[in-house]
Amino acid sequence: MTSISVAIAGASGYVGGELLRTLLSHPDVRLGALTAASSAGSTVGEHHPHLTPLADRVLDPTDADHLAGHDVVFLALPHGASAEVAAALGDDVLVVDCGADFRLESGDDWTTFYGGEHAGTWPYGLPELPGQRERLCGATRIAVPGCFPTVSTLTIMPAVLDRLVGDDVNVVAPTGTSGAGKSLKPSFLASEVLGQASAYGVGGVHRHTPEIEQNLRACGAQDPRVSFTPVLAPMARGILAVVSAPVVDGVTDADIRAAYEKTYADEPFVRVLPDGRWPQTQAVLGATMVHLQATLDQRAGRLVAIGAMDNLAKGTAGGAVQSMNLALGLPETTGLSTIGVAP
Amino acid sequence: MTSISVAIAGASGYVGGELLRTLLSHPDVRLGALTAASSAGSTVGEHHPHLTPLADRVLDPTDADHLAGHDVVFLALPHGASAEVAAALGDDVLVVDCGADFRLESGDDWTTFYGGEHAGTWPYGLPELPGQRERLCGATRIAVPGCFPTVSTLTIMPAVLDRLVGDDVNVVAPTGTSGAGKSLKPSFLASEVLGQASAYGVGGVHRHTPEIEQNLRACGAQDPRVSFTPVLAPMARGILAVVSAPVVDGVTDADIRAAYEKTYADEPFVRVLPDGRWPQTQAVLGATMVHLQATLDQRAGRLVAIGAMDNLAKGTAGGAVQSMNLALGLPETTGLSTIGVAP
Amino acid sequence: MTSISVAIAGASGYVGGELLRTLLSHPDVRLGALTAASSAGSTVGEHHPHLTPLADRVLDPTDADHLAGHDVVFLALPHGASAEVAAALGDDVLVVDCGADFRLESGDDWTTFYGGEHAGTWPYGLPELPGQRERLCGATRIAVPGCFPTVSTLTIMPAVLDRLVGDDVNVVAPTGTSGAGKSLKPSFLASEVLGQASAYGVGGVHRHTPEIEQNLRACGAQDPRVSFTPVLAPMARGILAVVSAPVVDGVTDADIRAAYEKTYADEPFVRVLPDGRWPQTQAVLGATMVHLQATLDQRAGRLVAIGAMDNLAKGTAGGAVQSMNLALGLPETTGLSTIGVAP
Amino acid sequence: MTSISVAIAGASGYVGGELLRTLLSHPDVRLGALTAASSAGSTVGEHHPHLTPLADRVLDPTDADHLAGHDVVFLALPHGASAEVAAALGDDVLVVDCGADFRLESGDDWTTFYGGEHAGTWPYGLPELPGQRERLCGATRIAVPGCFPTVSTLTIMPAVLDRLVGDDVNVVAPTGTSGAGKSLKPSFLASEVLGQASAYGVGGVHRHTPEIEQNLRACGAQDPRVSFTPVLAPMARGILAVVSAPVVDGVTDADIRAAYEKTYADEPFVRVLPDGRWPQTQAVLGATMVHLQATLDQRAGRLVAIGAMDNLAKGTAGGAVQSMNLALGLPETTGLSTIGVAP
């Protein structure tokens, strides 16, 4: 096909950088405007020294003029900023929002967890959800899921789909620091993170909680109740989601294995590991890939599943490009690598 | 009092090193024999360059002759080796075993989780358990708890004691690498650990599981069922225990806070943090101290509690010396620092 | 062209894994035999979980039968093992040795630094050296340089070529742990590396020292004397070479800048950063790329240059494939990415 | 003696925290006012959760009223702020400045490296320098050395004192992040530091350069020219100074060893390691201790010496208390631990 022109609003941050890294390998994409707010006028190289081929590209200001005239616009903006930018772009432009503004279906959940008024709901960019792949074909607006919801959902989804577990789902997820972006808070200083594990957003207040529940409902859960606790760990990238739920009576390890293998048999970006091997975040670093494993804890009566994902890759930019491919009618895997960088 | 002579069997490993670091600050202790197996004949400095004052001390072989004649003998030996060494020491000698051999009360649990024959049960060195402090006074044999059981138990204990939660307890615990000792397995190589989170012992098979359940029974739980998942994180020391359980109807945040403050009001080595602050492993690095916080997740109907502890300090050597102090009739806090090394 | 069949001997180690990661993106390469010694019979997925597309490939034993019949054979073997394997391969097969056996020209240096008899000298796989690119075209045997020699040489080469500095060159190079491979030594355990910097091979004994000197002679240095000190740092990948040398009288910062820009103007895998920006290892992680910067320390009378490189990528596998491309007459950059993975 | 009352100005930062950690173990010290600028009114626990015994202490504002009436006042303030605070304190008060304001003897150096007017010179708190211990006895003003100058000087001092090396000294020093304090710059974010080595202050511009030269002159160097390059490494604490210099003709390894052992034979806070063992930063973490080793690189004609030190401990707070002890006539080692926390 002729090449697709792509703009990125918010190109100076970590999400913007990962979008650039991903799109530079996409054979059908031509990079157009790269914009920023306070960093407009500086070069990509100053913010992303790893993107050597773009080192001298100058960032434009994030405004309607610069974003106009592209086939696709990715938004990597602070929460609350996407609606206005999107409104200025025509309905024929594919807008892919990496922020939270259009992820939730429930206005109540939005108000409870984010505050203020709900901007609306866009097609949700998690093609692995039942029926969702079809909904993304031809879409012109896409809400990229949160990183924790992506990995948490994929990690427990087969068990929910097959009714192997009850509705009380527990998620504890060690995560790297890049999910916080470049925000200059003391708690993200290297001195505070090195050698340290610490939980945050504890007790049902993390904004990704209702999004996970929304996804579980899409998998058939009647009244999902998710207890979600993220843990900041001393690594730049990666989430290891430890997800457990009470099993329904009579469920066996074979049932679990069958559910996981069946659900993901044809998914290009999810791999159920061989029996006895457990996911590691290094193995998916930089990759559009989730590694999964699940088992039955007979003694505790729980299914325990582990998922490893790179929050910036499949968790944000890789997943966003996967959805873009679907929306544009390209093969879903175009330009996306499933190979991690390890050790 | 006159000084107490102390020997350490297994002084070349990480537990041995932390015992030495701790005991070097104990005003009533005089270090006697320091022994090792294959490392006998080498110096402390070769194994523990941080113990500068002991750099030139030569390690003796671990045998009855060298361990004889001390008031206290600490055992930091591989699992299964403690019984024979202890048998050769008189009943008037205080033997403190940092291994697992004498922790479990149930022979069935022993056989299920460790295999082979159960060596027996010694007084359990967790003074914070109900009634346990008294049992340790005058004891001549002490089983030091496992590191995960110590922090997991202390993190949920007030809720169990006050019947605020049900019996299904979920523990996910990111941990540093030193808990694995100096075992030369590929998965503990720095290249495999840096930038990586990975779970192990998943699905109810980790040996610390029945020990946590045993402790919860000691707190009044009728039929505790613990789902325990440790996660290896890229840090040398520290455990962050994320512990949750379903709350009993009607429990409030105030009930939870009251339970935690009451339970630990007089405990020298446990601190419930002020409301809104969450434990961090750096804050207890090198310290005989556990930091705790708990909250109610109303939405999910669960109590979520977090505990931070240094696996080698309060989790092993600090806890062992605390129990030694009690057994010998010394003030419990003698020689133990509650101050961490941060950042 | 028709596809090139490639075998890798020693595919289970870190170098083997990085060769696989690199070659999976090479459009003209078809992977043939992947062999190992004690790991023969296991799958690629067990050793390299990040190589998802190859997860189920079984490793063959490293022997003549399995390696026969390929266009190219990469050797990622322990030192001393390459000569015998290479001898069994015909002169029409391109053999690329990632080990040290054929790097040194001087038999005396070999004996001094490695011991035993010198196996010989193969064309040296550093195309950026003067005249070296031409020598690699059509070669059927290539010795891949050591990682420290690659980055150290490239970091100071422009100054040596332009006679801006004297012959006494000082190199101090913090490095990640993957350079040590998967060797199970206590000093490479995560517990020993996390939070730690430590030097090794100090005082002119590191085996890469004569190789750096050999390269500087190839750049015109008369009698180079290199003081080289590697420092193990808590990161899995990356070398930051800090290279300095006394400047010749009258040399200015402009002379230095001119030399670096001129030397690397047409090099696809070396970038001299804009004035005032300093190389970072993250920026080249996973990339076939070296970032450089140099300046004059007027006060000390020294040129100080810094180079950042990924020891496994441009430092081994990326550089090896670059040389393979030249030897086979392919465009030098085929299949190689200059984009790092950061943060 | 009766207890010494101590105030700390700037208690909320990393230096303040380490002073508190150190002084809490000092048997003769009673903590008085703890002050801060923008953090006045908050508790110690909010800034230093590791200092559990002080968790609820409230920080006072840094002003003359609060600092008055103490025997000793430590200043842990931004550069340029110490002079005014010190002027308000009587000559009978011991003022120990952890900042740079009074370290340099040369006003020209001050202006060149720091800019502005030189505030003056106070007795320099490095007791290991020739004759310096005596100068500190009874002092009422002390300038605590910079962390890099302390370890760099101690690492090469014996060779300079014994005239084993020439005046061109090369220092490359990987360092942890805590030396930067809590400054909220993007380059100190964990995402930027993890997995990364990067140099800064390259080319003779780092402010610690003239201070190292000043110290070498105090050791007898005629015209020392120091090339100094710090490297930020992914660890919170620790400096590994790699120091080298050309040896004078005829110097042997035995000469070097003799010089180091003689120089430090009676120093309580410096240890020359046994032959063949190299310093590690973990081994001195949290300790008032420097570990050293040196060797001759015959081939390159250079002495190479390595020193490991904790920048916050012996590098700042431990060294400051050591000097305080001397100034007050206490035994130099009072309250200072030479034991590190490892692994």
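For reference, chains read A, B, C and D in written order, and residue numbers begin at 1 within each chain.
Keep in mind that, in the parts below, a residue touches a chain if its C-beta (ideal position, glycine included) is under 8 Å from a C-beta of that chain, and two chains touch if they have at least 3 such contacts.
Everything numeric in this text was worked out from a predicted model, so none of it was measured.
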Query - Chain pair showing more contacts of the two, A-D and C-D - result: C-D
**Report entry** Interface sides of subunit B and subunit C: same vs different residues, half threshold
**Finding:** same
Report task. Using mean C-alpha positions as chain centres, tell me how far subunit C is from subunit D in Å, no decimals. Result -> 38
Query - Whole-Å gap separating subunit A and subunit D, where each centre is the average of the chain's CA atoms - result: 45
Query raised in the report: Mind pulling the subunit A residues that touch 2 or more other chains?
Result: 14, 176, 178, 191-192, 194-195, 234-237, 280, 282, 285, 343
Query raised in the report: What residues on subunit D touch subunit A, complex-wise?
Result: 14, 176-178, 180, 182, 184-186, 188-195, 234-236
Query raised in the report: In the complex of these two chains, what residues of subunit D are touching subunit C?
Result: 168, 170, 172, 174, 176, 191-192, 194-200, 202-204, 209, 225-227, 229, 231, 233-240, 242, 244, 246, 278-282, 285, 293, 295-302, 304, 306, 308, 343
**Report entry** subunit D partner contacts - residues on subunit B that touch it in the complex
**Finding:** 14, 17, 21, 24-25, 45-46, 48-53, 55, 178, 194-195, 236-237, 271, 273-274, 277, 280, 282-287, 289, 291, 337-343
